[in-house]
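Multiple structures follow.
Two complexes follow with subunit A in common, the first pairing it with subunit B and the second with subunit C.
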Partner chain A sequence: MTTHRVSAFLAPRRRLRLAGLLTAPVLWLGLVYVVALSALLVTAFWTVDELTGQVQIEWTTENVVEVVTEALYRTVTLRTLGIAALVTVIDVLIAVPVAFFMAKVAGPRLRHLLVIAVLAPLWASYLVKVYSWRALLSSDGIIEWVLSPFGLHTPGYGIIGVVLALSYLWLPYVIMPIYAGFDRVPDRLLEASADLGGRGWRTLTAVVLPMIRPAIIAGSIFAFSLSLGDYITTGIVGGTTQMLGNLVYTNVGAANNLPLAAAISLIPIGIILVYLAAVRRTGALRSL
Partner chain B sequence: MDSAIRLRGLHKRFGETVAVADLDLDIEPGEFFSMLGPSGSGKTTVLRCIAGFEQPTSGTVELFGADVTALAPFARPVNTVFQDYALFPHLSVIANVEYGLKVAGVARKERRARAEEALGQVRLAGLEDRRPHELSGGQRQRVALARAIVLRPQALLLDEPLGALDLKLREQMQVELKELQRSLGITFVFVTHDQDEALTLSDRVAVFDAGEVVQLGTPREVYDHPRNRFIASFVGSATLLEPEVAEALGLARAPMAVRPERVLLDAPAGGVPGTIAEVIYTGPEHRIVVDLDGLGARITALEPNIGAGHRRTRGDRVTVSVEPASAAPLEDEAA
Partner chain C sequence: MQLGRAARWVLGGVTAVVLALIYLPLGVVFLNSISTSESLSWPPPGFTLEWWGRALQSEGALHALGTSVLVALVASAIALVLGTLAAMALSRHRFFGKESVNLLIVLPIALPGIVTGIALNNAFRTIVGVQLGVWTLIVAHATFCIVTVYNNAFARLNASGTRLEEASMDLGAGLFTTFRLVTFPRLKSALLAGGLLAFALSFDEIIVTTFTAGPGVTTLPLWILQNMFRPNQAPVVAVIAVILAVVSVVPLAIAQRLTAKDAQAVSR
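Let's turn to the complex of A and B:
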């Protein structure tokens, strides 16, 4: 009876209901997201006392200027961008045919199995997956064992290893939105295209791809932004390769320069904002 | 002359279910041909076999004398208007209509001219640059029509094209479809579950039930002489008379179907006496249900709404008669 009374009390009070529903999540979002992010941005304009290593609230643009002007940061930024772009392209190229097969070719049973298969790697720990790539890539690993009869060798630890491992890690995040995109293309449209004389290739390029373009972009946002911020994979299979994340990590830890780390981390944030602004026009953000 | 569409032994099974059972059918050039039946009766499957979206389990599909059973949809000289229109959502109206011409490699200028002509034929000029989601149901319907006829197919296949429209628009589109078919002079194959639509539009109607054609003929033949109970009750409304009742009414002693507008009340020659059980006012007419004395049967009559002169009410005594030529004997069924 009490629940009945509570709902009777709330039913006509729309604002109160809304407040009850939203207060907790909004507080959470506000604290964790906005405050933490703003703290980071603000820190970029502080300094570190060179003797004590303490962060001092002393306003300066020194860190940001250093990040923008020093060649090291430019090189690492370009390398990070290149890796992220390559990972994105590889993932999209793999994901489109896989997602097409899942959504349009496979029967319902096989489709469910494939969805589980695609999502299954997400249940394993990130570290386990990266270390398994380390084992694969090592000089006595499986890749070497398979390739050596053909006179080829494992790429070992370096940029190629990073690209391979990251492509593997983010693939499910790219397949799923593209799969959903294909799923939203009604079979009737494929029939209509065939009925009007369109063969398979024409139907693919003139009907299917334009319709799933937002889904492809949505998937690419995942692969691109996740790659941009990664540092653990680089540390494990990258050899001496450094990405922006590694520079941030070094400055937070070994170098103990939190303000500089914050300044460096502004770079990927900036890149992602530009990327999002560019894709916003395509309507892709609506299919995330 | 070859038939426009000739089906021989067309059989389609989905798993255990037989959708179409050994169908033979000839549709003539320039004919408005309807396939009428309840949902699941196999009519849409037949249409999809003609278009090439389904491969028959066995049997052949011939279009204008050529066996096309093995050909893909894009290689067949027919076009389809889909039930849900299946317009390309990312293309404008004009681009939708031009799609087939573009595939066929028609030059840009001619493409545009022909697409505009087709849009004119379906009375949809001026909306070329809209997207499908900006159109009303009726307008989408017209785009789908234009997209199909712009290719000048030898036959047009229409899968319940008016199903999603409201009544007023549907009636208007019926007239326009008929006019379009007459002016194009091509074969229309029209799938519908609406008996009214089939009767109004068609030169010939095939009535489908459980994967088979149970009656094939002109609308008049099918309506006036339904072959069995299913057709009598599915196409229009009818009172089914048991043999004894038919005999009492002066007809042959056999199961009969009689259309309500052919049932006469208080005819000068008299008839079977009865009591009015119900008077239903439908607007243009009164539907009068009569309990026939001593027969345990009911019969329905229609009388036009002639205004204040109509005075029949529940409980009135009347006599009921049926002209022998107005009743259709039904094939005796096992059931």
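Let's turn to the complex of A and C:
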């Protein structure tokens, strides 16, 4: 009977009900995530004792200045941005026709099969997929075996390898939101467009693409941000290539310099926040 | 949509080629799991079932599998509760700061894993002052899993509208009864899909895991990372990957079937 009383008490009180719903998730994300992230950002302005290797609470802008002024960080940032942008473009270009076929051309039975076929590789360990790219790209791998009769060679381990492997890894994450986006476009609209004389191409550019723009942006957030922070793929198929993630990782691990690592992290955090702010108005965050 | 026969064939062809490319590396992993070559040279010099036998007896792998399942289950359960609450708040209420709450939910997955990883590692050790262990790992995973549940639940709540809930309340059902008998049944399959995604996300995560798991805690991805480059273990790792990919088809197929059916019923 107490649930009845609580229910009767809450029913006319919207604010209280809202508070009841929001308290737990906001507290969790606030206490766990916002606090941790803020602490990390603050650490960027501290320093490390060179003798003991301990983080010292001594305010300095040294780390941030180093990250902003040294050529190494500029080069690696540009390289990372280039790789992330290229991976995003490749994935979107592949995902749009595939998702369109899945949602609007394939029959219901084939559609179910295709969704499963696209999602299943997500479960085959990320690491194993990267490792299989290491095998594909190696000098006695399948790419070399296929290309060598034509006088061509495998790109080997390097930036091209990283772009190929990352595009491969994030493709399902890009296909799924775009597929959902196409799926939400009612067939009625397409028929209406056709009735009004719109040919396939016209319908696509004037009706469908504007409607799935948020879905495409949602997909791009995945590919872009997952690429931006990656250091494991770079380590396995990148040869000596370094991305921002590698610099952060080295400074947390081997160099034991958390403040400098935190200062470097400001770069990808800044890039992502700008990206999110730019796409916020499109409603893409809700299609993730 | 009015599409020419040629356009349909082109789209179908592109899809077929892309799927073939998606499965090529997985096929290579499968061949590696039965190849006599330990370094995955192509073409495979011969075939053996030795690695499958070894993988099924590998205590390290089985133990890591158990840890991964436990972490993923608890993290998804927490994400299910928090994600559903947040989705109900944001889909059924208007309030100041709504956009910020939305951003707060998305942020842990949108920021690079290594940033989330070192931030949580630092917070656990210096602010909270706890030893890293299995619980720190679960808390970290639950945090970035909330968004998958939230998005699925939010989309479904928006699509199904509030009319039925209002009708239920008008007919005298309380808040909890309405949730139990009206809202939840319509939400169920979306939650299943979101929960499954959260499970998959947690199960395969390696970067945040590297920074938030205690020294004695080995999840399957950590085990794979430790063993991948050992000469005798690489094919065993391939076996595990093949098993995971094949086993995953079952829950995926069930979830896909349920959500497709429900989504149609709800939007009708």
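Assorted remarks:
Definition applied: the second predicted complex is superposed on the first by the 258 of 288 C-alpha atoms of A that agree within 3 Å, B and C clash if a C-alpha of one lies under 4 Å from a C-alpha of the other, contacts with A are read in each partner's own complex, and residues count from 1 in each chain.
Please note the rule applied: a contact is a pair of C-beta atoms (placed from the backbone, for glycine too) under 8 Å apart; a residue touches a chain by one contact, two chains touch by 3 or more.
All of these numbers come straight from a predicted model, not from anything done at the bench.
Aligning the two structures on subunit A places subunit B and subunit C side by side, free of any clash.
When the shared chain is aligned, subunit B comes close enough to touch A:Pro210, but subunit C does not. Of the two partners, subunit B and subunit C, it is C that touches more residues of subunit A. By the touch criterion defined above, A:Ala135 reaches subunit C but does not reach subunit B. Look at A:Ala194: by the touch rule set out above, it reaches both subunit B and subunit C. Using the contact criterion defined above for the overlaid structures, shared-chain residue A:Ala11 touches subunit C, although it does not reach subunit B.
By the document's definition of touching, of the two partners only subunit C reaches A:Leu258; subunit B does not. Of all Cα pairs spanning subunit B and subunit C in the superposition, the closest are 7 Å apart. Across the superposed pair, subunit B and subunit C both touch subunit A at residues 191, 194, 199. Only residues 186, 188-189, 191-199, 202, 206-207, 210-211 of subunit A touch subunit B when the two sit together in their complex.
Put simply, subunit B touches subunit A in their complex at residues 51-53, 72-74, 79-80, 82, 84, 86-90, 99-100, 102-104, 147-148, 151.
Residues of subunit C that touch subunit A in their complex: 1-4, 7-8, 11-12, 14-15, 18-19, 21-26, 28-29, 32, 40-43, 81-83, 85-86, 88-89, 93, 95, 99, 101-116, 118-120, 122-123, 126-127, 139-140, 142-143, 146-147, 151, 154-155, 169, 174-177, 200, 203-204, 206-207, 211, 220-221, 224-225, 228, 234, 237-238, 240-242, 244-245, 247-249, 252-253, 256-257, 260. By the touch rule above, subunit A contacts subunit C in their complex via residues 3-4, 6-8, 10-11, 14, 17-18, 21-22, 24-26, 28-30, 32-37, 39-40, 43, 55, 94, 97-98, 100-102, 104-105, 108, 112, 114-129, 131-133, 135-136, 138, 140-142, 144-145, 168, 171-172, 187, 190-191, 194, 199-200, 203, 221, 225-226, 228-232, 244-245, 248-249, 252, 258, 261-262, 265, 268-269, 272, 276, 280, 285-288.
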